[in-house]
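Okay, structure first, notes after.
Per-chain residue numbering starts at 1, and chain names A, B and C are given in the order in which the chains are listed.
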């Protein structure tokens, strides 16, 4: 088996350079510390007849000197690590989104086109992939060492991470936040394949047994079943009391837009916002609408919630009201 | 000091032979020994947990078979080692014994509080043992929610209660030290004439007193959530599991400084004594301890870089984490500066101290890796972190504890330990430690997660190496148990100052009389006033 | 070691030295208590921030009348104890005892009102979080967070109050040995008692007043 960790993602090499630099700096310091210790214990042993001479008197210059040097080196390391981290924190806008639900003790993956996987994730190389992660129970952590990436996965919240695979291959997926008895068995594989192979894989799993409709299509079914259209209108065009319905904001074109709340705050409608609206609408009311939306807490499983959100994301505005 | 002088005052060991005279003592020296017995016991309990953990990891499938058992074992190892060994180790044993002696005082400020703190510790220990015997806890020593409050199958409340009580023992000890250091210094002992060991314990005590109550409240909140199945950490009602993490780490990060600062103090006493030279840069060393205590309160978020906190918090905590490393680096440079042009001897305390400097530096440097944000994303929650904290805590702190035990053993017991065995144990521990934990840095970089009872087969070789090292380390730790016990009965009797060291504790007989000093000492010299010429040791 | 002849323990140079140390010790202990209650207040801020409207809806269900009476009781109790300290410093031991008895009774009355009247009433009204919680769905979560905080903080405060009552009783039992030059224990217990009062003074608005603003 490989003894070195593959640098499978675009950022892996950069992280490795940082770690290598840290390693070199550490080795230098250790050489200094161990070296001096070895020199001192031999040269200055109690019975050594070496000329020791006078002791330095003004030692504070030395103290300030090595303190300042330490500060400078540390600050440099901080900047380097922070710069990489900031970029890791911000997924590109055109990233391919894939949804992951963690639970004791497995990873459930769903692609937008409906393919579902357990403890495995197929991705194309050469393209930014953004995972939207949530947990059904305790805190887990989605970790792919070959991509030098991991993030905690929390219940009742969406977290994200992103990566871009450069080398096709199969890589370990680990859960790295202790989550109970099956923590060590919550492992899987990331299968990275070239884009044409990925398209093939999508096609095969779309037509084979156990194929599912796309997430948005599944979400549309749920949207109808749970009566969302009753207030928000068919296709999420919005409701109007004067039209015989209730005042409800339109959902078409909502994703990614800025929303003004009744407190005056302005937020961006991302997955977390939409989830909060469905599960705990009382926490954030949209300005200009009556506070009548009921909560669907406990009625929708996490994966169904993601499908509804995928449907809402797919709704394009037909006309502005 | 000659041996005949010691006979005129009753040594604290001979001052009463009944059980009552020990169990109801208010003599800080006897209380120190009571603690020493308890700490030693828990060190071996936690050590058994470690042994079984490393045994399990010999095979990729996990030799113990059951993941649940493994999870309870590593949780027990963490809880016992953190709260029942590392936090109390130096402060309650060496600290209780030496603080009044070093101050030139006759006891601590509140001797009865001191005894109460031991009883609290014992009560906590009994509750912890009860929790262990009925099956232990399967949450890790970190008790993250919602796992701990809603999903754990273990004995959470019992364990949490044990830690809660131990926390109050800790607070009592810290409070006693702070008031003693402020109020009971001998005439002439200004703050800048105090030995660094006292400064270190002062800084440690400030953290104990301010941080531990936060843990106490956090544990109560978790217990409430567990008992009533609802709480402030529950996202279903609008609470947040991250609130638990912030509160927990607000204590637990300063806690690691509680664990290590006394070790720094010990090394700052031993290196000058065995280099027969004053400590280099006393003021810098002293203020470095204070700086570590203060900045240590500001870095807790570095345990949460991938937890779901904001980018800004990550940036702030990363830069502060680098800042807190600077004073530790200063101390290492100053110890080396002390050795420079010294007259170095290699008695066991010095070997342990040299081991500390090497291993702590390695551990501290790897802290820089995990403080670097992007590197931490890769390394956190892997064996890299496990190796990092074991290097500083075990390679560092446990070595310092052994160094202190050997250095002050003659003072505490009136006996000399067998020197060759002491040196052999120090070397075996250094070697065994590196073989156990160095491979874990590599395992972590390669991606092996922590808290796994079974692992992919490509990690097997390094795990076997690590477990092999653990058996060497175990031998290293068992040896002192043997020869130190032997020395109590057969060791050569010690004079007041066998090492020729400075410090008020060395001016009284070994072992000291109950009242410590016949007359209150008056201090006129700065600390570490070793004459800079060749002097022989006091035998 | 018990107090040696001369009125102070042997590691101290004088009775005054010992008294100063005891007082410092208590102040330091109170600092730890602040760090103990601190996370609780932080939790309040955090929980309210999650959903202020629902949190406040929960808060409005508290019994303002009892809460206010209790606050008056505790403040008066603290005042009474302080008079007791002043009296012993001028040698009026019987007046001190009277003040301490009043302080103790007022503290006891607080406990009775809180745990024998207010809490049972709260339980009856279905205010304990959990299955039987009696709020509308929209307010349920935030209100439950409030009541988690309410029951938890009043329980912890109550435990501190019980300890305080024990300490005050202990002082009353030892009353005969206190003199104008020897009353540190009275003062030190007074510090603790006032602290317990101050914690309540912070809890009172957090529990009873904030949700009731205009």
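Convention: a residue touches a chain if its C-beta (ideal position, glycine included) is under 8 Å from a C-beta of that chain, and two chains touch if they have at least 3 such contacts.
What you are looking at is a predicted structure, and each value in this text was computed from that prediction instead of being measured.
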Middle chain, criterion being Cα centroid separation: B
Highest-count interface - the chain pair sharing the most C-beta contacts: A-B
Distance from chain B to chain A - Cα centre to Cα centre, in angstrom: 36
Centroid spacing, where centroids are CA-atom means, of chain A and chain C in whole angstrom: 45
Shared-contact residues (touching 2 or more other chains) in chain A: 280, 283
Chain B: positions in contact with at least two other chains: 236, 238
Sequence positions of chain C contacting 2 or more other chains: 50-51, 54, 141-142
Contacting residues of chain C [partner chain A, same complex]: 50-51, 53-54, 137-139, 141-142
Residue numbers on chain B that touch chain A, as the complex places them: 62, 67-68, 71, 138-140, 142, 144, 146-147, 150-153, 235-236, 238, 241-242, 275-277, 280-281, 284, 305-308, 311, 314-315, 318-319, 322-323, 325-326, 329-330, 332-334, 336-337, 339-346, 354, 357-358, 361-362, 365-366, 368-369, 371-382, 445-447, 449-458, 532, 534
Contact footprint of chain C on chain B as seen in their complex: 26-27, 100, 105-111, 113, 171, 175-176, 178-179, 182-184, 209-214, 216-218, 220-221, 224, 228-232, 236-240, 243, 247, 250, 515
Residue ranges of chain C in contact with chain B within the complex: 1, 9-12, 17, 20-22, 24-25, 28-29, 31-33, 35-40, 42-43, 46-47, 50-51, 54, 129-130, 140-142, 144-145, 148-149, 152, 156
Chain C-facing residues of chain A, complex: 280-283, 291, 294-295
